[in-house]
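Each in structure tokens, the structures are laid out below.
Next come two complexes, and both contain subunit A; in the first it sits with subunit B, in the second with subunit C.
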Partner chain A sequence: MAEPMLKAQNALPQGEALVLGDTRIDVLPMPRMTSLMPGPGHAALAKALRKHHGLDLPDPGGRVSSDEGECLWFGLGQYMLIGPAPSPLLAGAATLTEQSDAWTSVLLEGPLARQVLARLTPLDLRDASLPLGATARSEIAHMMGSLTRVGSEAFRLMVFRSMAQTLLHELKDTLEAVAARQAL
Partner chain B sequence: MRMTCPLCGARDLREFTFRGAALARPEGDDWNEAWHDYLHLRDNPAGESREYWAHAAGCGAVLLVTRDTRTHEIFAVEQARGAGA
Partner chain C sequence: MRLSKGGRIDRSRAVSFTFDGRALSGHPGDTLASALLASGQKVVGRSFKYHRPRGVFSAGSEEPNALVTLGAGARREPNVRATMQELFDGLEAQSQNCWPSLDWDLLEVNDLFADFLGAGFYYKTFMWPRKAWEWLYEPAIRRAAGLGALSGQPDPEPNEKAFAHCDLLVIGGGPAGLMVALQAGRAGADVILCDEDHEPGGRLLSEVEEIAGAPAMEWVAATLAELEAMDNVRIMIRTTVTGVYDQGTFGALERVGRHMKHRPGPLPLDCFWRIAAKASVLAAGALERPVAFQDNDRPGVMLAGAMRSYLNRYAVAPGDAVTVFGNNDDAHRTARDLLAAGVHVAGLVDSRPGAATDLDLPFYAGAQVTRASGRMGLEAVSIRTPSGEVKLQSDALAVSGGWNPSLHLTCHLNGRPEWSETLAAFLPRPGVVPGMQVAGAATGIFTTAGCLASGAEAAGKALETLGLSVPPLDLPQAGEQGYGVQPLWAVAGNGRAWLDLANDVTVKDVRQAASENFRSVEHMKRYTTQGMAPDQGKISNLGAMAVLADATGRDVAATGITTYRPPYVPVPIAALGAGGKGKGFAPERLTTSHAQSLAMSAPMIEAGLWYRPSYFPRTGEKHWRQSCDREVAHVREAVGVADVSTLGKIDLQGRDAARFLDLVYTNTFSTLKEGRARYGVMLREDGHVMDDGTTARIGPEHFVMTTTTAAAGEVMGHLEFVSQVLVPGWDVRLISVTEQWAQFAVAGPQSRALLEELLGRDLSDAALSFMGTMPIEIGGVEGRLFRISFSGELAYEIAVPARYGESLFTRLVGMAEARGGGAYGMEALNVLRIEKGFLTHAELHGRTTAFDLGLERWMSPSKSFICKAAASRPGLLAEDRERLIGLRPVGASKMIPPGAFLFNEGDEAVRENAQGYVTSSCYSPTLGETIALGFLKSGPERIGEHLRLVDHLREAVTICEVCETCFLDPEGERTRG
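Presenting the complex of A and B:
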């Protein structure tokens, strides 16, 4: 009997979800995503990642990207390789877990983005503590998530796929409220 | 109250979960008064206290926090990993 093929799918319809006050909520395409967990000590993983993907292992709160892909700090002892399929040769240095459809990624971009997030996360979103390229694990609307500053007014938010609709709902509601205040 | 996670920096209290007093684990596997004390009896210190906190909504690290229960002043935050936890 033929093996059934299971195809990973984005948890949300990809593309624009809402634009208000020049600020956009966009569901991002689902990239290939693999968590890398090196266990105690990460020197071997740093070496293997450099050798096989040309990426440095980021420090806590950091993100390293190149044309080939991105490595994102994702918490204690955990990194996310985003973009490329992981080289099997990484497996000697870390536990690799396929995460592509396990997380949902939404981009919030525009002049109201920071005000929207200020209502949803306890993070300090100012430039000094969250500069361009910085990433943080924190609460987003009471959900544990990952937040990365990807532009001067752009933030990429990630939550578990089971919470995708809730994230989108909270973002839309909050953008509506912030934009309405702006229009007063 | 804000705590400074060694990995994440200063964060709001709501990201952290209290995980109990940091106590010395008794020697040996046989039940005795020391184990009873370790499992069930707690002081209620007014002053300096050593506690475990999990940065549950952040990086996931378990932290060893030394703080003053009267003033909420925090003296030290370190990763519990490697600190005898």
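Presenting the complex of A and C:
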């Protein structure tokens, strides 16, 4: 088979970037991401999403996932469909915008994850405010990002693709500083 | 010296350290101050102004005297309070503010001239000649008076900032604070307990006290063990809450790694916390205050409570013969504890006439200390008793003038404290900080039993506001010994009696201020500098206010107190600015072609947060101009490729998208046909130009707007504002797609041929005319092609999903090079646009209108748009405004530096005569001359005029001719192919 004309490239080398104190920084692959903006009223989108993707529309600050993919609340009047290619039948219920290449996703997982994030974002990360499956748009180390709790000690961080290196650099430095506290 | 037993130090291990190069030793558990006292080091520093010898005065963060410098080189840390610095092996401390040495300080001569150096001395003396203040007097005074010095080198230490959230923040880990945390923890609240010390316990660490029939520290240990076992309680030691801010936000400074010899590299020195709490309890205790009398600053004089700390906590005897002086029962405890430790007490002096004691020592009731004698250390204490003068040989003196509740934090949101006649102290006014309770000594309760009860009560109130039920509690039995203070601020007599040790302010200074009519506390403070040292007058404020009250014939309540402001303790700027060094300063935004540009040796320049290639040097090119000229020629003669992904790209969809664009742009977009793009100008609310760019219609209700790199965020914010606030009912959906697409300009006469080869399709005018757009496909990857030009050449911009950006860039550059062209950077891009008179934010700099920029024809007369009225104000349309023009040099000098001013040829080059200024200039290799853009009064009407350009900074003078803004191909024939 001939070489493809254009080669796809992640903003960061995919995979594990650093492990310290059982805590892992992992650059995630680029999934298919589509922004869904329903405009005034979202009942039609909720119905279409359930019908075509088997996903409920999340409440603000929420995330709904299934084996097929997930739907993430992404700000005022915005949702992000992550994983599947959007059914063309969603188009009647929402504006669809391709965003697969706009975001970099990094997973931070482990016992120090919360302490690392406490140094990068003003969000309240306690269970009551950010339970499993909760998501927020917030500042992450001076970058506007998206933070989702995907496990009891696991958080997925997303920032613009162009800022991927800064995110990784901040995460690594902070994890090193937090891990060094174990010497106290 | 060290007592043979007792204390909370680990005697099994020795810790060696140096002070002014002298090798000394202490034990784990010591502070630097306790170790110095144990080593017999009485003098630890020199005073701020008079360079008088000073010793350790307190045992906490309120210390005014014992400031030292730690470490050396870039890691040097000045003004460290020895009373807060935990001792560690290898610690190197230096005394401050003395020369040549601590024992022999030449500037002590200031002390001899003390009569001339009182309050207001500087203001009265150094007035003439006026100019000498800045270059002579102030630097000289600053050198003589002062504290430790910074190293002057960049700080190599790491610091950090962090956020914490809780239901209840407990400030202070003494008996009251521990009780609050215990109750709240048991109730299930998320609790953060901050304590300034390296171990919680507060005063209990320093007192001989019992709780529940056992030594108080056993209760502390049991309480801490229970708290530590709770998941919902977080104990933050070495953490001082420094400020109260709106909405339940607190600042706190944690000393993370300052107590360690071998600090792991990334471990921060300090961490500055921002804590958000639903409720808080202030249990910060109280600070003891001294009494002013002659020479009360001599080394060996210290606060009575601090003396108990050194005695009981650190097992340090403050001297061989100690006198205790106080106006309350608490002072008696010091005498009692000294006796118990086997230290000789020369006398207990109680200023209260009816006072009594059953201690076996010389007791003087109704007596006052009038003078401390001894220069480098206390030698004797003179006292005035009802029966006459007595002199007691003493090398240490404990002083207690009573206790001031630590209510500082209750005043940070503008609350004022209220005066208590009984306690002769200011007390916190309830409710001045929303959600904050005050407990224990901070609210004027000075018994251990009272503190425990007060803590339990505050916890109950806080839990109620949190909606949690209060757990049952049996309050443990504890000490209820009274305090019985009778105010005594200053002992009458001659000589200088110190109020503010840190800033060398005496009773005389305050009286002088009052006599010169600085009667308000705020005026007195600023005139005398009382309370303005790093300790912020923690020990001295109330005494100074009381003396001022006396001098002005008012009571203390009417005199008032100065305003408490954050921070409660000094916070290093390095902690506040943590993370901002180097790459932490701002996020870096990198394009998909970044790595490839670096591989091509391009120097990168910042454009906002973005990094863009300046030029792409080739072998043999020694100067950026050579590369730039070549790259311009590539575009003018063959084909050039530039990454333009940094331009803002906003996707607009919805039924009202076209109408929305008509509103935000000055010109009309609803008439734009699908597959076409149009230039647009957007105004700010004040009628000035915000941004320009092209917007393409790619569907009936679907547009893609481009913005400049610089204004992308501002435009997005503006559009969100307009859609959410001005026209909330319109159906417009906005989203930034800047990051989704990598976009490259392909410009030059051969651009069409290059792209036809890449895409394998016809791109003739018939297929894609100027300002047209179409979807494309490259090997299965969907993208978009625009025929737009920022160079004046036949040009395209090609967009693909960002993951293919690097690959496409490399391919395009290769194809361009094969055609005699190549990549071009920001320098060439700038030259190309100046040659055409195209605008960037050098011209759209925020003070220019569409009229100034010659864009008035883009302001549609037939529709409304945002700020049409503002932009139509006569002042913004006046003919004589500074308006856009072109410039070229006509004399011998060819220099046209941006920023230079323009003058009429005969006029003097002064501000009043300025006719305009230069915004952009370059050498045009195409035209073989320097060209520039600028603004000139009535500019377009003055084409052909000669002007004198003067750059006062770079000392350039150039005669210029005013010309049209477009220097090349004004008809646009090249663009249209």
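To be clear about the criterion, the second predicted complex is superposed on the first by the 174 of 184 C-alpha atoms of A that agree within 3 Å, B and C clash if a C-alpha of one lies under 4 Å from a C-alpha of the other, contacts with A are read in each partner's own complex, and residues count from 1 in each chain.
Simple rule for what comes next: a residue touches a chain if its C-beta (ideal position, glycine included) is under 8 Å from a C-beta of that chain, and two chains touch if they have at least 3 such contacts.
Fair warning: this is a prediction, and the values are worked out from it, not measured in the lab.
**Q** Quick one: classify A:124 as touching subunit B (first), subunit C (second), both or neither.
**A** both
**Q** Tell me the contact category for A:103 with respect to subunit B and subunit C: first, second, both or neither.
**A** The second partner, subunit C, only.
**Q** Let me test your reading of the model: by the given contact rule, A:165 touches which partner, first (subunit B), second (subunit C), both or neither?
**A** Only subunit C; A:165 stays clear of subunit B.
**Q** Of the two partner chains, subunit B (first) and subunit C (second), which one does A:136 touch, if any: first, second, both, or neither?
**A** first
**Q** First (subunit B), second (subunit C), both or neither: which does A:61 touch?
**A** Touch status of A:61: first partner only.
**Q** Going by the touch definition up top, name the partner, subunit B or subunit C, that contacts more of subunit A.
**A** C
**Q** Take the contacts of subunit A with subunit B and those with subunit C, and give the residues found in both.
**A** Dual-contact residues (subunit A): 76, 78, 122-124, 129.
**Q** Could you list, by residue number, the parts of subunit B that touch subunit A in their complex?
**A** 7-12, 14-15, 56-61
**Q** Would you mind writing out the residues of subunit C in touch with subunit A in their complex?
**A** Going through subunit C, the ones touching subunit A are 158, 160-165, 190, 256-257, 260, 264-268, 274, 276, 579, 583-584, 586-592, 609-610, 651, 653-654, 724, 731, 733, 735-741, 778-781, 800-808, 811.
**Q** Per the contact definition, I'd like the list of subunit A residues that touch subunit C in the complex.
**A** Checking each residue of subunit A against subunit C gives 4-11, 30, 35, 37, 39-40, 76-78, 95, 97-103, 118-119, 121-126, 128-129, 141-143, 160-166, 169-170, 173-174, 176-177, 179-181, 183-184.
**Q** What does subunit A use to touch subunit B in their complex?
**A** 60-61, 75-76, 78, 122-124, 129, 136-139, 144
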